Every structure is written in structure tokens, then in C-alpha cells.
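Common to both upcoming complexes is chain A, partnered first by chain B, then by chain C.
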Partner chain A sequence: MSTSTSPAPDQMHQDELDATAYRLPGWEKYLGWAYLAAFIVAAIVLLWLPMNAKAYTVTLTLTVLLVLTLSTSWNWLSGFAGYTSFATAGFFGIGSYIGALLLYYEKVTWIPAVFLAGAGCFVIALLVGIPTLRLRGPYFAIAMLAFSELSRVIVLSWDSLTLGGNGVYLPILRLQRPGENETFWEEIQRTFHNNQNYYAMLALAAVACIWSYVVGTSRWGLKLLSIRDDEVAAESMGIRTTYVKATTFAGSAIFPGMAGAIYARHVGYIDPVTVFAIIWTIRAITTTIFGGRGTILGPIVGAVVLTLVSEKVWEQDPNLYQVIYGAIIILVVLFMPGGLTSLLQRYNILPRSRRI
Partner chain B sequence: MDIVQVVISGILLGGVYALFAAGLNLIFGVMKIINLGHGELMMLGAYMTFFLFTSWNINPLLSIPITAVAMAALGWLLQFALVERVVNQPMINSLLLTFGMSTLMMGVALNLWTSNFRSVVYSPLTGSWNVFGIAFSKSRLVAFIIAMIVTGAMWTFLKQSTFGKSIRATSQHPQVAQLCGIDVRQVRFMTFALGSAMAAVAGALISIIFTISPQMGHMFIGKGFAIIVLGGLGSFIGAFLGAIVLGVSETLTAYFTDTQIAQGVAYLILLLVLVIRPSGFFGKAED
Partner chain C sequence: MSQSAVATDIILEVRNVSKRFGGIQAVNDASLGIERGKVTGVIGPNGSGKSTMFNLITGLETPDSGQIIYKGENIAGKAPHVINRMGMGRTFQLTRLFGTMTVLENLTVITTDSFQGAEELAEKLLANLGLTRLKNEYAANLSYGQQKLVEFLRLSMIESDLILLDEPFAGVNPVMEKKLLEQIDMWVKEGKTVLLTDHEMAIMMELCESIYVFDYGSVIAHGTPQEVRENPRVMEAYFGS
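And then the complex of A and B:
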């Protein structure tokens, strides 16, 4: 059993005792099926949602799905492998700009643009990840802070290509109005057309959740955990740590990249200040560690809970938002380092299993 | 002659950067903690100078000791309440904690003072002095001199005084330092207080050179890291040279291109150094 942080020396002995005494509950082996059922139910509800809901609800759900994608992908390297990355805002910004500029210059249609944004972020992440992830310790975190800011400055300064600080306006999605005597099939088609950004984000978030389950339960996930717990030992056991870290990092960069491209199309206008804002990194980090880093459920639960709660705060005061997120990070790190999931595990509400 | 002027201007700026980076470096050396909130401590120092000047009309140069003492107290409190709890934990916890501190302090500043830019307009320090045909900006020259005095005093303190020696001993090997009878915990408290005070003085000096805003800390933390990575983590002299290199490259870039591109210089240096020679160019290597 590994908890998300290494405990203080005096607790360590107790935790080892607990680990030997602990038996997984019998229902733990059905957890995979429970996830599948929950996934299908959630998918049906979310697919159906735009048919009946107000535009506000759809946009709010899109935001939840966006944050879920960002936090889940941050979790693979930073939660499982323990390498803090501050690059979320960088890849989100780069992805939005790749997607938006491809549309602006009318190179491709929007779906290939979203995929190209993901592919671009993958390549860039490999290029910056391989040299910086060779180094242990704080270097990677610092490098990613610099990477995010540098990409913002490049986008801002390269105005012949990116239009600089003026930002990019995207063509507005023409909404279809309901026709007379609309059949049910026509209504579905119209809903799908009018909410295509929502459905794209939903698909991306679904892939992120599935991928998170795969990472969490596979040998790959074990490799990541072993890097977090003792990298030298992992390396001496034959794990190619740099390769594992760099590919995980590059894979996780695809998601903020694609999410950024969809977001750009959703809001219709982007500029370097908003898409490269540190708040995207803050949101990904806060939601993940609040839910529980290094777990499958953590970032998902955190994204849903915190986004819905902060929506209430956001309406009142946008600046207060950042204060609260900062306070949550501090409180979670000091008093609840494993997040919500580990709290539930401590009281045996959730099994202490890798499937959580 | 223009180039000489630009280089001198960069060196003067580098002196203030050196003071900022020295505090960051000191904290890392003693606790092996990357203080991501260091930029916000600087921002708070700058705002304190600003408000002492605009509300109470206190000379921004004379208010520096007040700011330094107040921010040292805040640093001591932060160490007591937060940082001390993650000292011997894995690095990810201290990174996240100081990131949370940075987010919180910036958020509070945004709430209190909005994101507007402000500046300390202190008339005796506007304009420049002409020496042998080279113009020295008054504010930059004064800021440089004060930064050098504080950094030099700090260096002497670390080298000569008993407490400075215990700080250096702790950064070399905390366990052995403790065995030798040094109160390592007290050293950590004093280190964070000193580091905060240095950041605050740097902030006060920056406030008479540039405009200030709640987001300035976020900009300066990147510069701070570029400097200490250039100089080698934990190396005092290396960081000083790194700061001068950064200051000069920034002003030269601004001179040949524009100030917007110059903002990226620190981040570019940081990434390049990490790729080419992560142990730094001037200091001794540290694993």
C-alpha cells in the first residue's frame, strides 16, 4: 500500500502495520464494473443534457469537463510520478493558438484543428520534456514555469503569425433554429450541431477518464508510482525512468492542447493573456490535490466538486476565487495531503486499492 | 556610446536582481525548498513602500528598514505557520505549498489593490546624472548602490558572524550541524525571515524604478530562477554574476528588439541552462 505522501517517520511504522492487517473488501473486485456502469450512466446523462437544459447549464458543464480534462492529465506525471508540472497553462495556451490559427487562416476544418493542436503539444512536450526530465529534483518544476511564460512571450511577440496582443477572433458558430414540425431525429441533429464544442469537450474528457483508469491500473502506473517513491531504486530495477517520465509528460500534454483548441472555439476570441494565464495551472493543481493526487478518482471528483462550488463564488467575486484556491492548496498540502479520496480510505468508506 | 549606456543600465538593474535572487538562494540552501512565493514577498515589499510613500509621505529610501523589518516578521510567521511543516517532506509538497502561498498572496493583493499598475514618483530620483557623457538613471543608480550594500552586508554576515556560520553549516549538512549544537530549527526561521526581508528590499527598490502590480511577483520569480540556475543552485557569488548577466541581456534585448521580447530572456536563459549545463556556469555543481 502506498499513500500519496511519505508519512513522518513515527507514523511509518504504524502504516506498515495497517498495511499488513488491511484486507480489501470483497466488493473491491467489482469496482471496475461499477466504474463502467457509472461511466455509461454519466455518458447518457451528459449526451442528453443539451436537449433540455439552458445554455448556462451547458456552459457550466463544459467548464467542469474542461477542468476535469486539465486536472486528470496533470495527475499522470505530477500525481502518480510526483513530478510537479507547472506547464498546464503553457500547453493550454499553445493548443488554443494552434487550433485558433488553423481556423483563422482557414487551413483545416475544426475537428482536424483540434487533433493538430493535441499533436503539436505532444511534440513540443517531448522536446522540452526529454532534456528537463533527465534531471531530478526541482529543476523540472522550475523549467515548466519558465516554459509556460516563454511560450506566452513568444506568442505575444510573433505578431505576424499570431496577431500578438490583439488576439484571434474565430468565426461564430451559426446556430440552427428549430424548424416547424421538427422530427425527433432532426432535433437531435440540431442539438448536436448547436452544441458541437460541448460534445467535443465531453468526448475529450471521456477519453481522459478512460486513460486515467488505464494508467492507474496498469504496469505503467506502477512504474510511475515507483518513480515517485524512490527513483534511484526504480532505475536500478530496470525502469527507464527518463523514458517513462518523458512519454507520460508528452502524452499528458495532448489533453490541455486539445482542450485549449476546443475552448478557443467555444469562447470565439482568445488572446495570450487569457489562455496562458497561470489560473489554468492553479485550477488543474488545486482540483487534483483536493480530490487526491495519484488516484484515478481524485481529479475527477475534485473537478466536479470544486468547479461547481467555485461557480457560486465566481459569480460573486472573481478575485476572491484565486484567494480561495491558494488557501485550498495550502490546507490540503498541510492537513489532507492525500485529498478527499485518501480521507475516505482512512475511514474505510473506499477500499485502499489501486483502482481508486 | 549607446551600447555602453545600455550595458551600464543592465548592470545597475542586475544589482537589484542579485538581491532578490540571494534571498531565494539562501532559503533553498538551508531548507532545500524552492520558494515559489518569493516573488509575492517582493511584491508585498513594493506595495508597502508605495503605501508608506503615498499615504504617509515617507521617503521611499528611508522606509526601506521599516519594510525590511515588517516583511522579516511576516517571513518568520510564514515559516512558523506553514513552511516549517514541509521541511523534511518530499519536494513536491514544498513546491505545492509555496505555490499555494504565491497564489494566495497574489489573490489577496488583487483583491485589495486591483490589478492596476502603480508607481512611486519620488521627484529627487527622477532624471539622470551625466558622468563622462554617460547618463546614469538616478533611480537605478541609487537602487543599485542600496542593493549592493544590503547584499554585501548579507555576505559579510554569512561569512563572519557566528549565526551566519551556523546558517552556512546548516545548508551544508543539517544533521551534522545539529550534532554540533546548532539550533537548526531556529536557523530555518531566521533564514526565511532574512530571505523575505531581502525580497522586500528588492521590491522596494524595484518600486522606485518600475511600475508595480500584484502580478509583478509572478514575473520576477522566473528571473530569480534564471539567475540562480545560471550561477548554480546555492552559490552566492554565482548568483551575483548570474544577476548581472541577466540584467545586461535583458536591457540589450530591449535595446535591439523591444521590451516585450526582453521579458522572455529570463525564461529562455533558464531553459537553455537546464538543457545545456544544469549545474550552472559560475557556481559549484550541486547534484
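And then the complex of A and C:
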């Protein structure tokens, strides 16, 4: 009786396979093109934006781009590879100071200063990363928290070089006024000149997005995921985990470094308390967790949504937005641990693709 | 003369290796000689040091003393990824796939960045075992037996000359067991060397040409399955006195 109704073992096995099989939707293969189109449209809109927007809108967009850069670069090691890092504030601060001091002492012009800030952070991250990335999980996180604090203390106390707690005033960007009978071309040039920090941040954010796509869709990205899933197995399967982690960490430190240098020039004055503030790290983490750790889109979507929401909250109450960040972390971890992208994937709105 | 003739047949030689964890002597002066192209088994009661021996060979643990000679080189204390790239692959007692990655990704991730044919090879391996449907499924969603199979296939993605299998048949249904055995056969036909441990005595006696018996971290017997079965010390270790 029972033998006639229950399927043969081989059939059972086949049913088991069918039950769990997942198929990507057909349109998934066009995702790359969709991204390219979205990227071009966004680039045109954002390039055009300062032409006829208020200074407030430009600054707000610059903040979105800044947070996007911080969260996207945080995501490579901490999202894909699962090594939660609290070093963002450290590199942001170091980059700000390298950029600001190079300008203050008139060593180089601002564009080389921004690149040198990135290069400086890359080297420091390599030196810090090689020993500390042998630590796992929470130990690495704590080491990075200490690194950020240590950087702040060093900058604060090395006042012969950094001017210590007095902070650094940067040369003011002289804005051009519209001339009479200004041609269209002259207007574009003036807009570009007056918003050079905005355009620099836009370029940096664009590179971060492209790099994120490259990381997310490459075998390198898979190696990062394998470290997150099971580092011991990854090592046993021939993946050079320390090398992968250290280079990813150093590469991702370039972005907060350069962003810091641009930010310093944008605000015109920096001091250790503001640029080494833990809130930079928290913003990167919250944004990425909200959007989806270890995804390409997560930090980008998160940066746009959360920065605009927190701006609205800020308008109501300047202190409330930090509370909102805390609440968002708790709610996301409790109710959508994979973030927005994973939630949409669960309801089959987005495919389970590495290109998400 | 005869010494060197023997040495060419030995792909892996473990010489007087010991490992202690705190108060526990996990492996005690153990020596093994694994012949190229053959299936060698390691048996012994739970906690007798089999898994520790595997971890020592694959570099996850460093021996306190002794040498591990693989392809003529002492690999004791080398990093796991270095040993792996010398052509040694392994599976784990509890499967260790990358759970949030798809089956296909689990196979391609371990190949080098320059290897262009990884996807094609992975698809071919999956097709051979009738697993093509699962290629885009997350590894964590697979049944235990399916995970074992994928872990097996992972070993075929890189050139592994020596394959270590840590209890491959534990908790696997008979259909899967058959598939795993087919894969082991295929490896042997390709000239690969297999070193495995398991508690399924019937399978071990059938599969292995040579068996080492561990007890309390030491090798207490070595020989053909027939010899091992008839050894009184083995009976004692397994069934007590």
C-alpha cells in the first residue's frame, strides 16, 4: 500500500531538486544596460543641477553624494566580506586633514591635494589592515574604532603640523558673478567654477558606483562573499583571504579620504571634532544596512533615501536625526535584516541576482 | 635504490606528527604514507584524531612536531590556501559551502581570476550529476545531501591531485551516497589520490585499498581492509575489552 503511493527514492530526489530550483527572470540579463541608462540619466541631471538650482539644493545633493561615497566604499569590506569596520570616520578625518593642510601650507593645488588625500589613506589602510585583518569579526570592528579615535587624538595633539584643536581654515573659493551679456558658454563655465566641490564629489561618487558594480559582479566580489560566509572554507579552497581583505580595505579607504578632502574645501574650516566624528561611520553603516549590505544598489538607494529623510527631520529638530538613525538600525535589523533590496527580493520584485 | 622507488609512489607522507590542544594529545607521533592514485582510508572511534590529522595536513592547524611531506616538500605550517594551490583539496565533516552564494558561484569563486572557463566547467560538472536546475539556488537552501555533492564538485574546479574527504557519507541518503561513490570512482579513474575517513565500515572496506586505524591520536594499525579487520587491536579499539 505505502510502497505504491510513495515515490521511488530517485523520484523523491528529483522532486527535491524541483522544489528548490530558482530561476532568474528573463529580464535580469538586461540589468547592466538598465543601470547604464540610469547612470547616464542621473549624470546628466546632476551635472545640470547647479545651473538653476538654489545653493541649498546643491549642498544637499553634495551631502547625498558624500554619504553615497562613504556607504558604498564601506560596503566592499563590511558588506560583501562581512568585516564590519568603524574606520570610515578615521579615513574621512585623515583625508580632510591631508587635503586641508596641503592647501593651508600651499604645497599643491586642490585637485592634486584631493588625490594625495586618497593615496595617503590607501597607504595608511594597507599598514593598518595587514595586521588587524587577521582579527575576526568584533575584534576587527573594535580595532577600527580604536584606529579612528587614535587618528583623532594624533591630529589633535600634533599641533605643530595640524594646528591641533584650533582647526584649519582653508582658502576661500572666490565665486564669480554673472557678467553682463553673459553667453551660455560663459554661464556653464561660471557654474562649473562656483560649484567645483560639488562636481568633484559627483565625480567621486560616480567612480564609487562604477567600482561597486565591478566589485559586485566580479569573481573578486564572490571572494569577498565567501569570506563572509565561511572564511575557513575559503582559505581551504585556496582563496588568499588576508590578501583579498587587505587590498579591499585599502582600496575602500581611498574614497572616504578623497571625500574628506573635498568636504574640507567645501565647508572651508575643519577641526578634529567634526571630521573625526563617529557619526560619519554611523551614517555609512546605517545607510548600507538600510539599503542592503553586500549589494550594489543597497548603499546607493540607502544614501538617497536616508539622507533626504534625515534632512527633513533635521529641519524639524537638529538633534532628532541621530535618534532616527538609531531607530532605523534597530528596526531594519529586526524586521528586514537584509535591507530594502533583500526585502524586495523576498517578494520577487527584484531578482536574486548579483547585479542587484 | 628501493628507497627512492618507494618515494616516487608516495604523494603524501606524514612523519611523526604530534598535536596537543591544552591537556588533550589530539595526534600523537602519527605517521602515514599515502600512495599516489589510490584510495586510502582512516578509521577510528570519535575523537581519535582523524579530523585533527586532516586539519594538520591541509594547513588549518600547525603540528607541534613532525613533518608533512607533500610532493617532496615539507608543508607543515604552510597557509591553507598555499597548500590548496599545491593541488590538495578537501571537504569538511559538516559541509562548509558559502550559504548566501548560488551553487554556480560556490564553484566558480575558488578559481583564479584569470581562469575564463570557470562558468562552463561548473555548468558541465553540475550537468554530469543532474544538478543543473540548482545552479541559481542559494547553497543554504539545499538539502544536506545536495550540499555534500556541491562540496564534492568544488574539488573538481581546481586541479586537485590529492583529495581529502572528512566523513563524506555521514547523514547522506542512499541515492546521494551512490552519487558520491560515483564521483570518487571518477576521481580515481582520473588518477587522483583520495584520502578519506568515515564510520560506514562496509563502504570503507569496499572502497579503500589501504586503511589506517587511529585510536587516542596514534596509528594503531595499518594494512589492507582484510588485515585491518582481522587485527585484534582494532577490534579492541572499536568494541572495547
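Criterion: the second predicted complex is superposed on the first by the 335 of 356 C-alpha atoms of A that agree within 3 Å, B and C clash if a C-alpha of one lies under 4 Å from a C-alpha of the other, contacts with A are read in each partner's own complex, and residues count from 1 in each chain.
As a convention for this text, contacts are C-beta pairs under 8 Å (C-beta built on N, C-alpha and C of every residue); 3 or more make two chains touch, one makes a residue touch a chain.
This is a predicted model, so every value here is computed, not measured.
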| item | value |
| --- | --- |
| Dominant toucher of chain A (residue count), chain B or chain C | B |
| Partner chain(s) touched by A:V323 [first = chain B, second = chain C, both, neither] | first |
| Contacts of A:I239 with chain B and chain C, given as first, second, both or neither | second |
| Chain B versus chain C as contact partner of A:P337, first or second or both or neither | first |
| Partner chain(s) touched by A:I154 [first = chain B, second = chain C, both, neither] | first |
| Partner chain(s) touched by A:L145 [first = chain B, second = chain C, both, neither] | first |
| Which superposed partner A:R354 touches (first chain B, second chain C, both, neither) | second |
| Touching both chain B and chain C, residues of chain A | none |
| Contact set on chain C toward chain A in their complex | 58-60, 79-81, 84-85, 89-90, 92, 96-102, 105, 108-111, 113, 118, 130-131, 133-134, 136-138, 141-143, 146, 154, 158, 173-176 |
| In the complex with chain A, residue positions of chain B that touch it | 34, 36, 82, 85-86, 89-93, 95-97, 99-108, 110-111, 218, 221-222, 225-226, 229, 258, 260-261, 263-264, 266-268, 270-271, 274-275, 278, 287 |
| Parts of chain A lying in touch with chain C, wherever the complex brings them together | 9-10, 12-13, 16-18, 20-24, 218-220, 222-223, 225-226, 228-230, 232-241, 294, 352, 354 |
| Chain A - residues contacting chain B, complex | 5-6, 78, 82-84, 86, 128, 131-132, 135-139, 141-143, 145-147, 149-150, 153-154, 156-157, 278, 282, 285, 289, 317, 319-330, 333-334, 337 |
